[in-house]
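Paired with chain B in one complex and with chain C in the other, chain A is shared by the two complexes that follow.
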Partner chain A sequence: MDKVLNITTEFTSGLQLLFGNVKKHKLVLPEAEKPWTLGLLLFWIKDNILVDKDKWYLFLKGNTVRPGIIVAVNDQDWELLGDLNYQIKNNDNITFISTLHGG
Partner chain B sequence: MCSVNEEEGAEVFEVLKPIEPLELKCRKCLIEDGNVVLQKKFVYCKTCFMSMVTHKFRATVGKSKLVNRGERVLVCVSGSQSSVSLLHMIWTGLQQSTYKRLTFDPVVLYIDESVLYDYPQDQVNKIQELFEKYGLTYRIVKFAAAIYSDNCLDEDTNIDQYNDKLQNIFSNLSDLTLKEDMLMKLRKRAITKLAELLKCTRIMTAENEHKLSIRLLSNVALGRGSQISLDIGLAVNNKNNDKTSLVTIRPMRNLSAKEIAYYALFNMLEDFMHSNFLTATSEDESIQKTTERFVNDLQVDFPSTVSTIFRTGEKISEKTSAISYCLLCQGIMDVNMSPSSAMEATKYSKYVSLMGVKALKLSLNYLKNENTNEKKCDGCKCKDKQDLKEEIIESLCYACTHIIQDLQSLDDLPEEILNKHKEKLQFKKMEEQIKDFLL
Partner chain C sequence: MSDKDQSTEGDRLVPKLTDAHVYEEKIKKMKVSHAAQVFSQRVGAIMKRITVMANNCTPSIDREAADTGQLCLFVDNLFDSANGNVIKPTPGKDLRSAVTLTSPHWVFWNKALDVLRMINNFTSTHSVGANCEDDDSDGILDNLKDFLFNEIPLNEENEDEENCSAQHDALTTFPTLEQTGSLINSGSRAYRPKTGDTLCKECFYWAFELEIHSTITNGKLFKKGDVVAIAASGGKDSTVLAQVLKTLNERYNYELKLVLLSIDEGITGYRDDSLKTVLENKDEYQMPLKILSYEQLYGWSMDKIVAEVGRKNNCTFCGVFRRQALDRGATLLNVNCIATGHNADDIAETVLMNILRGDVARLQRCVNIITITEGTIPRCKPLKYTYEKEIVMYAYFKKLNYFSTECVFAPNAYRGYARTFLKDLERLKPSSIMDIIHSGETMCVKENVKLPDIGVCTKCGFVSSQDICKACMLLEGLNRGLPKLGIGKSSKANKALAALPNPSLLHF
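== the complex of A and B ==
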C-alpha cells in the first residue's frame, strides 16, 4: 500500500447528475497511512469529486451510501467483498448504481 | 422495569443479527464464484444470474398469455435503466432460436420530455442511435405533441404553443406531490393515445417490483386506493372486451431493482437521464419521495420488504361494477357511497376544518351553497371559470380533484378532457329533462 492507486468509478442511473453529468471518472487515490477501503473512498468522493456539494445527502447517509444505491467492484457485489471494509486494489472498477425513482 | 426490558430487547436484537459469512460460490452451479447477492443471502454467478433474470422476464410475459403471435406491442422506453433493460430483453428474445423466440411485433416508443427539464442536448440523438442499433421499429414523440395534437406522429407546427401549455400546467401546480401525480397521469394518457394511433393493442412498460411497491403505497396515501390494480397490475383492461382493448403489461414486475441494475451492468447497457419532478429533491417534500425513503430504509434491514408489499398489493382487485370513470386519470370513481364511507368522512372533515364551529350549526348542503356564493363575483369572467372548475371536479376522482383545485386555469388541459366533460354535462341535462317521462 505504499503507492498511489489508479481506479475507475462509474456513476449511473441518475447518480451522474451529482457529478456534473459525467459517468466515468478516472481517479488517482493519493498515498495514505491506512489502506484504502470503500468506506474511506466514499468520503473521499464526497470531498473531492462530488460537484453538487450541497446535495451530498443524495449520495451518502450515515457512513455508507444512501439506501437504494448499489455498489459493485469489478462487476462483483460489494456485499460479497465485505462492504465498507473492502480494500481497494489498483485498477479496480467501482460502479455506483442508483435504483431510486428518477435518480 | 422499563430499562430492564430495553436491555433484554437489545440483547435479543443482537443475537438476531449475526454476521454470517456469505457463501462465495454461486448457489446454483456451485462452481463459479458469486457476483451478485440477492436478498442478502442468495449468491449467484454472472451466468446463472443472467439466465435467472431472463427466465423471470419470460415467465411473466408468458404467464399472461396476452400477447398473440404477430401482435403489435408498444414498448415504452424512457431511457431509464429499467426500460433500457426491457428493450434489451425483448431484443434478445427476438433473436432466439425458433422455439424460444418472442413472436410479437414490437414498436418502441420514446416520449421526449425535454421541455420539462434540462436534459443534455444530444440526449434525443443518442436515444435514436440506440434504437437504430437494435433495428426495431421506433417512434420518438414530443410529450406536448402527444397530449395536445391530433396527429402527433407527424411534425406539428404548433409544437411551441403546445410546449407552452404543458409548461403552464406544471408551473401552475405548486405542490411537488401533485406535480408528480399529474405527470404520471398525463404520461399515461399520452401512451394510451399513441398506442391507439400506432395500432398497438398491447403496451409494455418497464416498472420493476421496487417502483411498483412504492407506487402502491403512495397511491394509498394519495387517495387512489381504488385504482391500485390499474396502476400496478400485470394486465390492465381499458374496456371490458378482452380482444380489442388496450392492455398494459408490465413484464419487469417480478424483477427487483437490484436485479435490473446488475442486468444492465453485465450487459453494459447504457442508460440515459430520465428525470422527473422529484429528481434530486429532498425526501420530505413529496408523498412519493417520503414513501420511497420509507420502503428503501426498511429494505436495508429486512430484504423481503419490497416483495411483501408487492405480493400483498397484487391481491387487491378492481371493483368490477364500476359506473363512472375519472375524466383525468380514467380511474374508477367512488360514486353513490354510503354515508358512513371514508369518502364522505373526508368530505365532512374538510368542511368542518374550513368552516370551524359554523359547520356544526349548518348542514352540509347549505354550506356548499354558501361556498359557491362567496366565490362568485359580478361582471367578470372569473365566475364562469370558477363554475367550470367546480363542474369538472364533480366528474373527477378524489385524488384528481386535488390536482385541478391547485391549477389556476383549466385552459391548458387537453381539449379531450374538456370536450368529454361537456358531453357528460349535456347527457346529464338530457337525463334531467326526460326524467319525468321515464317510467
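== the complex of A and C ==
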C-alpha cells in the first residue's frame, strides 16, 4: 500500500529567507511507521529542506515553531486542529507565516 | 419538591438539581453555572406542570410552586434572549436565536422590563435588611434595558442559514465578546488569541473590523471631515490599517480624507523595497501619498548614520528622527491627525521596555490611544487593542500585499528581547498582551514625582521635553563628528555640548 504523502508547504512573511528564498515547496513525505503529524513534520523540515541550517532557531523553539509563527493547514489555524498532533493528510497545504518583522 | 424528586431511584426529572441549589444554608457559592441550573427551562417547566397536575390529586402542592416555576422559565428566557448562538430559532427555544426586526425578542423584552420592574418594586418594599439598599436596582434595570435594546446586534436578513456574512452586513452596533464568540460557523478558520473564539473567515473579518471601529468611536479618535495621515511603511500593520480605515470610513461614514505618509530613512535593502509596496498601496487604495526622506530633512540617511555610529544605538537615531519626520510631514500635508499602525503587541512590548528602563514618563504616555501635545498634530493608534497575530491572519486571508523583511539594522535592538519575551508569554497565556496593556493603563505615578515638562525645542521648534530636542542633539553630534553626543542622558549631553567651542552655534 502506498503510504507516501504529497503535501505543499509555504513559508511566507520573511520565513522563506531560511529556505533559500523559495516560498512554495512541494514535498513527498516517505512512508513511516508512525503517522505523520505536524510535530514530526517540523523536524523533518529542519533536517531536510531548511537551507540556512545555522539559523534553525529562527524557525523552531523547543519541540514546536518559534512563538510568533502562525501555522495554517488548508487555511485553517492549526490551533484548531490539535497543533503538533494534527495528522497530515495527502494534498495538505501547510503555510508558515511569520509575524516577527517590522510593521 | 426537590426532596421528592431525589427520593426516587435513578429516574429523576431534574437530575442536575441538588440540595446545594435549593437549601439556603447549603448553597456554597453563587456561581453562574448554579444559577443556570436553577433558572433552567426544565426546572421551571416541571415545577409549573407538576403543580397544575398535582392540584387535581391529593395531597396537593402549594399553588405558589407554579408561580416559582413560571419565574424560573422567565429568567431562562431572559438569558436565552441575550445569549442566542444560532441564526434560526430551534423549536421550544424561540429566543435563543439572532435578533431581527420581526423576531419575538422585542415583545418579550418589553414584557420582561415590566416583570423586572415588578420584581424591583416587590423587593424594595419588602426588604427590611440593612444590607438591602434599594438604590442600585433601578440602575441595573436601566443598564439591562440599554443592553437589550441598544447593544444586541440586529439581524435583518434571516434567510440564509449557512451564510453568516449576510448577518454581518446588517450589524451596526458593537456586540459583546460573548456574542462574537457565539457566531461560530462550521467552516471555522481562525482562532482568536484575544477572546479564545473560533471564527470562520467572514466572521473573523467582521469581528476584527468591528473591534477597530469600536476602538475608534470609544476613543473619539477622529472627527467628521478630518484629514488623517496614515503613517505607512508598507509593512503588515500600516497596510492593514490603511485597508481597515478605508473600509470603515466607507461603511460607517466617518467622512475622513485619508492620505498616506511615508518616511524614507534611507536603509538600502529594507526601506527602498518596502516603499515599493507603499506605492502599490497608494494605487490600490486610491489615496494620495507623500514620501519624506531623512536625507532631505536632516542631510543624513540611515546608511550614512550607521557608517558613522556603528550598529549599536543606531535604532535610537532612526526612532527619534522618524518621530519628528512624521510630524514635519503631517505639517506639510496640513492634516488633523496622524494614525499609526502600532498594535497591541507593540504597545505591550513598549510597556515592558519602559518598565525595564524605569522610564516613568514614557510608561504613562506609551499606552495612550491618542497623544495630544500642544503645538503638534495628534497621533492615534486605532490598532492599539489588535493582536499582531490577528493582523497577520487578516492580511493573509485578504491576501493583502505587504512587505515583511525585518530591518537590516534591527537585530541588535533592545526591543527584540522584549518581543521574544512577550511572544513566549503569549504562548503560555494569550491574554497576557492585553493584561500588560491594562497594567500600563492603570499604572499611575505619585503626585510628588516630577515628570518632565513638555515644551518645544529652542532650535527647531518641534515638541521636546528638553531645551534642545533629542533629534537636534543627535544631529549636532553627527555633524560635529561626535555621534555619541545625543545617546544616553540629556544632562550629560548638555554638559558635553557646553564644553564644545561655539556651543550656541548648532549646524543645520
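Brief remarks follow.
Just so it is clear, the second predicted complex is superposed on the first by the 99 of 103 C-alpha atoms of A that agree within 3 Å, B and C clash if a C-alpha of one lies under 4 Å from a C-alpha of the other, contacts with A are read in each partner's own complex, and residues count from 1 in each chain.
Just so it is clear, a contact is a pair of C-beta atoms (placed from the backbone, for glycine too) under 8 Å apart; a residue touches a chain by one contact, two chains touch by 3 or more.
Quick caveat, the model's predicted, so the values are computed rather than measured.
When the shared chain is aligned, chain B comes close enough to touch A:55, but chain C does not. In the superposed model, A:21 makes contact with chain B only, not with chain C.
In the superposition on chain A, contact of A:12 is made with both chain B and chain C. Look at A:94: by the touch rule set out above, it reaches neither chain B nor chain C. In the superposition on chain A, contact is made by A:80 with both chain B and chain C. In the superposition on chain A, the residues of chain A contacted by chain B and by chain C overlap at 12-14, 17, 66-68, 70, 72, 75-77, 79-80, 95, 97, 99-103. Across the interface of their complex, chain B is touched by residues 12-14, 16-18, 21, 52, 55, 58, 66-68, 70, 72, 75-77, 79-80, 95, 97, 99-103 of chain A. Considering their complex, residues 12-14, 17, 66-68, 70, 72, 75-77, 79-80, 95, 97-103 of chain A touch chain C. Only residues 188-191, 198, 201, 233, 235-238, 341-343, 346, 388-389, 391-393, 396-397, 404-407, 410, 419-420, 423-424, 426-427 of chain C touch chain A when the two sit together in their complex. Against chain A, the residues of chain B that register as touching in their complex are 22, 24, 34-37, 40, 43, 46, 80-81, 120, 210-211, 214, 257-258, 260-262, 264-266, 271, 273-280, 288-289, 292-293, 296-297, 299-300.
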